[in-house]
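Please find the structures below.
Two complexes, one shared chain (subunit A), two partners (subunit B, subunit C).
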Partner chain A sequence: MVELLKSIKAHTDKAWSVSAHPTLPLLATASTDKTSKIYKLSKVQNFPLISKLEDTHKRSIRAVSFKPPLGGVDAPVENYLDLPALASGSFDSTISIWGIDEPENEVDDDEILANQSEILTNPNNEWNLMAIIEGHENEIKSIDWNWSGNLLASCSRDKTVWIWETDPETLEEFECISVLNDHQHDIKNVTWHPNQNLLASSSYDDTIRIYKQDIDDDDWSCVGVLNGHNGTVWCSKFENKHNPNADPKKIRLVSVSDDLTVRLWSSITEVVDKHIDDDYIPSSIKHNSEMIWEQETILPEAHKYPIYAVDWSAKTGKIVSVGSDSKIVVYKEVEGKWIIESVKDQGHGVHEINSVIWATLDDKTEVIVTAGDDGNINIWSTD
Partner chain B sequence: MSDPINANPTIVDVSSLPTRLSQQSGQQVGFKYSDKQHELVDKITSLSLLSLKNKASNGVVSSVVPELVSDVDMESSTDEELLEYDDDDEVEDDDNENIDEQEIFDLISSISDPEHPLTLAQLAVVNLPDISINNASSKQEISEILIKITPTITHCSLATLIGLGIRVRLERCLPSRYRIKILIKEGTHQSENQVNKQLNDKERVAAACENDQLLGVISQMLSSCK
Partner chain C sequence: MSAILSQDDLNDFISPSVACIKPIVPASQDESNIGEVEIQIDKNGNPLEISKIDQKVKQLSPAQISLSDCLACSGCITSAEEVLVAQHSYEQLLNSLQDREKVFVVSISHQSRASLAAAYSLSIEQIDKLLINLFIHQLKFSYIIGTSLGRKLSLIEEAKNIINSKKESSENNTGAPLLSSICPGWVLYAEKTHPHVLSYLSTVKSPQQITGNILKTLVSQELGIPKKNIYHLSIMPCFDKKLESARPEKGQEQESYNDVDCVLTPKELVTLLEQHQDEYQLMAPLQEHDTLKNLYRKYAPNDWPLVEYSWSNDSGSTSGGYGWNYLKLYQQHLILKDPVQYQIENFKIKIVNGKNSDIYEMRLNYQDKLIASSIVLNGFRNIQNLVRKLKNPVKSTSGGTTTKRINPLVAKRRARLQKSNSASPVPTSTGLEEATAEEIDVLKADYIEIMACPNGCINGGGQITNPSEISEKDWISEVILKYSEIEMVDLANNLNIVNDLQGWEQQYCESFDIGQERLINTWFKQVEKPTDQATMLLGAKW
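Our next item is the complex of A and B:
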């Protein structure tokens, strides 16, 4: 059952997005009130406010995303103090990058490393603006870091997806390495695969597109189009390879749409690309390995109005979706069949819910976090 | 706009439009004014050169009236202007009663067309029979409003703007439990689906409302609202 643990009145206007740090108990928010807030995901400490990020964006902040640790969540670089960093995307068409300074060296490095989950989530750490990234023509709708934190993807109403490369240790420069303009309309969401450099974008043109880097050169290109939704695709998420139900031979993606459906797509990864070593095939044909994607299933219907966000738990393999009807719907896979585990009505009263994620508290319990038009951030236990 | 898109629209006479506002004149809900306050209002309205019939139909005069009157530009002062601040808050306050179709019509019928000096009701862009409401059984549940608009001509490029004006007006006036759907009436516009999709995309609408230029045009359209 989904039960309310805590409701935080975080913003004075719509809360659009939430992001949880992959290894630290930190939560970031984005709002129409042009601010972002950072909270500590600690039930014992009653979810204290760590920092308020403001005076930077001229319009609504639409999306936030925490950078994963150096080396990725699965194999973080040892003996390295990875400072948390956040990216925010705004309707003002810019992205801001925020971070904290290295904590004062009062104790030795080993002690800092041992207590980093406390030290790096301390409200005394000052969160500073590190960079502003410009490039998109108009509103940014979504941003996301890849698994290792050296690539940042952004998308916009200007119909393009941009991939920015940076040094994940310093975050000093962001170089645009690709502009992908395969969509015909406004792009609502970008999301990276949690374990590899595979990117998905969801659009107002009712499709999802999948991109990866070409094998023979470094260019990025579209390697798959997912057709099926009959309305704007608002959000999608890849399955983590650690999901208990994950099949190592398959990549799966879940998507939600204005058409009120939650769809599951899959692609078999074992297909050998015949063209790669064939020098006689013109480069225009062989240049990338097209992926075959199929719609695996449509999850049981539960929503009455547009579905705005979805997330797939890496821990339990459960999926959660939210939307305009203010419902929080949890689905689970039982012997290859998806069923609805629970439906929580009025998650944000009569207000629309814009964002949902699975997150882990400092005591290692998994929670659901939602952001609504009421400006609230709600945290839900799922036991 | 030098070249109107529809230079010769059909116009409905104001007196034949359905309304509840006029019927309510003397007995509008709200608080009553003491004689002293009435005197004050009389004084202010007479000073302002506005015709006295405004006051009569106004019933409730909100505290912003003096300021409004002193600022009023005679060119643009219309019958509606004095009334503007009434129901914006009132609908919100009046949360205990369900909103009906007539009330929605009253909220949007007086929006001005972006290119004609006429209201959306006069141009029959909004019509009472094309408004439907599905009220939930309680205020803690979500209710629905569906409005179908009829563009004056099938290639009207301003249909999106008109729809946006209606949405902004209703979002400002109605409690947040209402989900508002605005559609082009079937067969009245050549890009019906595109316009419908844009008008009901919450993110596009939110972003549009942060565009100062667009917001300026919408404010202009809403300035004639009762």
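Our next item is the complex of A and C:
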């Protein structure tokens, strides 16, 4: 069962997005009130406010995303103090990058490393604006960091997906390495695979597109189109390979839409890894590293109104979805079949829920975090 | 870029934004006091305006947007073909051809010839003969010419421009690259979205425009007809060239004629031929069996200079070789100026590759010392990075203090990394190369040849796309191969031609009383962004 742990009155207007740092107990929020807030994910400390990021964007902030630690979550660089960094995307068409200053030099480096969870989440840390990235024509709807923190993807109403490259240690310069024009309409969401450089974008044009880098020349291109939804696709998420139910031979993606369905898609990885320099294969296939995607299943129906967001737990393999009906629905996979585990009604009262993520508290328990039109950030315990 | 461009897709690579801001001008002033009205649609779908005061009904005419409005706009309604390029469709061309009062002339670009040759699996020689056959004998054009003269003049003037600019900036200690303005896609994008770069743009016109001016002037003289009775069609590799042809001349918005009246792309030419198979065929039997050289001469205006080279190619990139020819002409300039100091055998051009295949630098070294450099930069993502760097130029001024605006956190991190680097190496998980002497710095080059399309003009939005059995990459290579088959008459190896053309240009301007600026230079204007939300939403297409 899903129970409310804490409801934070974070914003004075709609809250659009939440992001949890992959290794530190930090939570970031985004709102129409043009601010972003950072909270500590600690039940025992009652989720204190760490910082308020304001006076930067001129319009709503729609998306926030914490950068993964150097080396990625699975193999972080050892003996290295990775300072957290946050990207936030706004309707004013820019992305702002925020980070904290180095901790004071009085304390020993080794001591800092041992207590990084406390030190880096201390409210005394000043979160500073490090960079503003311009380029999109109009409202940015979503942003996401790749698994290693050197690529940032953004998407916008201008129908494009941009990929920016930076140095994940210094975050010094953000260079545009690709602009992808494949969608016909507004793009609502971009999301990276948690373990490899594979990108998915969801759009008002009812499709999801998958992008990869070419083998020869590092150019990014669309390698798959997922057709099937009968309405705007609002959000999608890749399965993490650590999911207990994950099949190492498959890449899976879950998506949610205006058509009230939660759909699961999969692609067999064997084809992608296949040796492709056989002479008899015509050159058009050799150069084209297309992926074959299939709709695997539609999860049991729970929502009666548009579904806005979805997340897939790396820990338990459960999927959670939220939407216009303010329901929080949790699904689990039992022997290959999906069933509804729980439905929480009125998650944000009569208000729509815009975003949902699985997150981990400082005591290592897993929670669900939702952001709603009421401006609240709700934290839910799960069994 | 996406391999999913359709044949009918009129978008070029830099897509226009979504809002159209053509101001809503009332039809006539005295009707502006009509009071409250209601708009209704009658049973035939026509819009009617009904006055609420006296029930008077007035039929409304649809709002029209012309091509020159398009340039005044901060963006347009995607590729609303009918609205934007109505005057430039091949159907319009065929309609115009009915007007027997006019004389029809056509100029054709090198990249278009390459595209058509590849599409029909013909040699350049064959395609040139068939095109002359098509335009002269079937479509009844009077003259046909290649854009070589326009391009050579453009290359020469651009090189002169860069050399002057380089001299000035070394005298005043201001260093900033000169940016090409040959690509109308780039120019329009800069005017609309990044006006801060306009001051860096060269004003030298493109081959299309220079050819148009000379073509109309010489034909007008030869036939004794006014220029407005000459209809100039130009076959170009992209759709933005249509917009370039509609740009008004500086200070002469009221001029009665344009240098170019219509632009068609190879894609559209193919569609024209498919739609009118009974009347026009490219593969028709040749009406004339003359040599190609004779045909070139026969169908050019009488006084066309160096007519034997009027369809010839130039060295360098497939977009015209602007960056390359500047270096070669600069080399010649130095040798001529000071033959004691500069000997030809000590010059070397080195190519430095950039982050991707669409950006590279060419460095002219004399005895291993760098003396000039130009960068070829194609594609939207590289343009993005360029305009960003130009917005916040971080460049050390020689002989003074280095003013660098750097993120304070970066400095701290660098210091920390250096400290820990000495202790234990921090592995970089990225593919970013370390900054070496081989890195390209756009701010340090003399000149940047900028094209909006990846791979440059050879891959323009109007070029014929790859057949399904050939990959996009292989197709582009094939078209480039055809392009390289066009006979080259290289400026750098033919200095006499450079001198002849410059002399001819001066004489041309004098005898026809055309200011050199009118022939050679264009101008740029920042386009205002729409701020009225209502206007933006009116034109927005979701």
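Convention: the second predicted complex is superposed on the first by the 370 of 383 C-alpha atoms of A that agree within 3 Å, B and C clash if a C-alpha of one lies under 4 Å from a C-alpha of the other, contacts with A are read in each partner's own complex, and residues count from 1 in each chain.
One rule holds in what follows: a contact is a pair of C-beta atoms (placed from the backbone, for glycine too) under 8 Å apart; a residue touches a chain by one contact, two chains touch by 3 or more.
Note that the coordinates shown come from a computational prediction; the quantities given were computed from them, not determined experimentally.
> If we overlay the two complexes on their shared chain A, which of subunit B and subunit C does A:A15 touch? Say first, second, both or neither.
After superposing on A, A:A15 lies clear of both subunit B and subunit C.
> Return first, second, both or neither, reflecting whether A:A200 touches subunit B, subunit C, both chains, or no partner chain.
Neither partner.
> Once the structures are superposed on A, label A:E102 by its partner contacts, choosing first (subunit B), second (subunit C), both or neither.
In the superposed model, A:E102 contacts subunit C only, not subunit B.
> Who does A:Y80 touch here: subunit B (first), subunit C (second), both, or neither?
Touch partner of A:Y80: subunit C, not subunit B.
> Please indicate which partner A:V262 is in contact with in the superposed arrangement: first for subunit B, second for subunit C, both, or neither.
In the superposition, A:V262 touches no partner, neither subunit B nor subunit C.
> Looking at the overlay, does A:G71 come into contact with subunit B only (first), subunit C only (second), both, or neither?
The second partner, subunit C, only.
> Quick one: is A:T32 in contact with subunit B, with subunit C, with both, or with neither? Answer first, second, both or neither.
So A:T32 only meets subunit B here.
> Going by the contact rule stated at the top, is it subunit B or subunit C that touches a larger number of residues on subunit A?
Looking at subunit B versus subunit C, the one contacting more residues of subunit A is C.
> On the A-aligned overlay, A:G135 touches which partner chain: subunit B = first, subunit C = second, or both, or neither?
Second partner only, subunit C.
> Counting only touches as set out at the top, which of subunit B and subunit C does A:C222 meet: first, second, both, neither?
A:C222: touches subunit C, not subunit B.
> Per the definitions at the top, what is the overlap between the subunit A residues touching subunit B and those touching subunit C?
Subunit A residues touching both partners: 157, 186, 204.
> In the complex, go through subunit A and note every residue touching subunit B.
Residues 14, 32, 59-60, 62, 91, 139, 141, 157, 186, 188, 204, 232, 258, 305-306, 324-326, 346, 349-352, 373-374.
> Which residues, counting only subunit C, touch subunit A once they are in their complex?
Residues of subunit C touching subunit A: 1-4, 15, 17-18, 75, 193, 355-357, 380-381, 384-385, 388, 407, 409-410, 412-414, 416-417, 420, 424, 426-432, 468-471, 473-474, 542.
> What residues of subunit B sit close enough to touch subunit A in their complex?
The contact residues of subunit B facing subunit A are 140-142, 175-177, 179, 197, 201-204, 206-207, 210.
> Where on subunit A is subunit C touching in the complex?
It is residues 70-72, 77, 79-80, 83, 99, 101-102, 128, 130-131, 134-135, 137-138, 148-150, 157-159, 165, 167-172, 175-182, 185-186, 204, 217-219, 221-222, 282-284, 286-288 of subunit A that touch subunit C.
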